[in-house]
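Have a look at the structure below, then the notes.
Note that the chains are named A, B and C in the order they appear, and that numbering of residues resets to 1 at the start of each chain.
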């Protein structure tokens, strides 16, 4: 039992880190950034590059992955979203633009690393088994849970307690008003993308470490799960994303117990559908239904 | 000469034709301003339906094609009614969710052969079938686009609330576009199943759905030729440029990015550059 | 009474946007609705045109109860409207806008269109071009609606609303930002339409236009109807003055 709970919390943490990045961009810019899963993957592979090719330790690789994916996020905005913003394009155009970038990135990584599963260099990842009652648990996952929580707390503080956070919230409410109030909109957006992509990249590295298995298409599965997370929690709501993530994590682990394994993924999508039909705004989100 | 060409490239042409049909299926809903990513699932449902009818019931080819299309269309109704209350992004996600549920179901129920899929499907699809169906579909839908129904769709795409005020039953029209799209995707699915001998659930997932969308978006919204152009360009070009084959997805991504940033209504708008420029000037460059 | 509204009420959360409003319009008559900003005028119109469902009250139109029916159904029954700030199909041409406006009167030509014959200009097209001509926009029929000036867009919207041959036309602030000549032209158009039997409901801030073009005027404030009568009666009503100018201070 504790092992399942441990796994549920672990997987929930990963989903949360991943989904928060999605939710952040959606709440500030109303865009569904479908390049986010590619960034997730990029984080994992950046760490691989650092550790396998440059021989750096895991800790350094994590930091570099965060910064690299964060910067990539800024580049992503410049190339794919900023031009659309300039002509006031509807959010669906931005979504398609992000699909394009994702396709390019994933394919380039595939060409460099192949499409198969890869592992981090042996001995590079700490192995810290510990006992809880009867179960032997992997301490690496505990570290990951800790790191994930640290980031989530940090982000919460940023959004609620800092001036930047206020600017982001203003931007989310009303971009025009924010600009009139003196918010440097482009700077705030750049920072949003840095944080969002950085978090996505971190999620990728940590997941890669935990399973010690990465591949270029790894973002797709998490992307689909992230939709469920965001819809359940409420699109654009950061606490909603965290809540949705843990609900999904617990639900998946529980469903493995009671359903054949083929249906584990079905749980996520079934839940997605159910929520969209019953309460599209999710637990903590805004109205999602046409009034007329 | 032509025979030789056809012989060498028959598989490619068949794939282009099927992709064009799929792109048209997405185009119909895009024309009405809705972004749906469920057509790969409808394709899959029809592929399995038609293949099973051929393998187990020995039904004639035209009937299995029709059956596949009808099953998809019928399933599209409750789905459409459910999701069309949702706006924009939520609609897209709901259709993605639907696609995944279908994929999981296909993986789980025994009759579909689960992960191994279905094999040994008799190769009944011939190039002229695809050409004929593509031509008929394009013609019919092109004429529909120019009719009152097409105008209603365009109005919905521009402004749903205003469209309702002009007497357009918005939900009904959206649903019609969705069901028509599902039917066309279903026909494409049936053709595809009988072309490739084998089908498996992975053929009809999220990746496929996105690919179909890309064909339609790159080709363009204003005319039914758009999706055909998009599918042809993005399917054929990489095949013909042998050395660049590996970079096919990179090119597709790059073309999509270029189109969305500079010509969001698609490549066919190059043919009506005047109108496109006028739309740009009034800030209506994007289709929805 | 062509349009009869009784006890219409709409709350949004705790806010009483429209509270127990009664109204009526006869064919050939223009009813003006005025009131300070936020008085509930547009909400009232949205209730009548089907865009909102009322929490209480009834709307009767042309002898039938139409409360809560969807907008497109009401348009089919003969209620047409324009929007505050203009909601045109900007990427479509004027002609296309008009044809969409005529949607409920046009027979579906999907099947007919399948045969690619050269068609003569349909009667529908002729009718809507005549309407465009009436507002002075016929020569620009092929231009995109978004290319028109704001004033022209306004006129197009009125013409588009007329395309469906409505019995009741609701105009939501059609004169905002127009000059004296344009609002006079609007007043004349309204007069001509009334002579043809059309009933009009006009929401406006331009008091001169309302008083000059309407036979009856209703005044809303805080969601309630505080006065109703002829323009002269309403202008003399002290409650109306108070609503617009604020409370007169009682001098001891």
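Please note the rule applied: contacts are C-beta pairs under 8 Å (C-beta built on N, C-alpha and C of every residue); 3 or more make two chains touch, one makes a residue touch a chain.
Here the structure is a predicted model, which means the values were calculated and not measured.
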{"item": "Central chain (by mean CA position)", "value": "B"}
{"item": "Chain pair, A-B or B-C, that carries the greater number of C-beta contacts", "value": "A-B"}
{"item": "Whole-Å gap between the CA centroids of subunit A and subunit C", "value": "48"}
{"item": "Euclidean distance of C-alpha centroids - subunit A vs subunit B, Å", "value": "30"}
{"item": "Centroid distance [mean C-alpha coordinates] between subunit C and subunit B, Å", "value": "41"}
{"item": "Interface hub residues of subunit A, defined as touching at least two other chains", "value": "292"}
{"item": "Junction residues of subunit B - those touching two or more other chains", "value": "161, 164, 170, 283"}
{"item": "Residues of subunit C engaged with two or more neighbouring chains", "value": "51, 70-71"}
{"item": "Subunit B residues within the subunit C interface of the complex", "value": "140, 143-144, 146-149, 151-152, 154-155, 158-159, 161-170, 275, 278-279, 281-284"}
{"item": "List of subunit B residues in touch with subunit A within their complex", "value": "35, 82-83, 85-90, 92-94, 96-98, 100-101, 104-105, 107-108, 114, 160-161, 164, 170, 206-207, 210, 213-214, 217, 246-247, 249-250, 252-254, 256-257, 260-261, 264, 280, 283, 285-286, 288"}
{"item": "Residue ranges of subunit A in contact with subunit B within the complex", "value": "26, 32, 79-80, 83-84, 87-93, 95-97, 99-104, 106-108, 111, 220, 224, 227-228, 231, 235, 260, 262-263, 265-266, 268-270, 272-273, 276-277, 280, 288-290, 292"}
{"item": "Parts of subunit C lying in touch with subunit B, wherever the complex brings them together", "value": "49, 51, 70-73, 75-76, 80-81, 83, 87-92, 96, 99-101, 103-104, 106-110, 112-114, 116, 144, 146-147, 160, 164"}
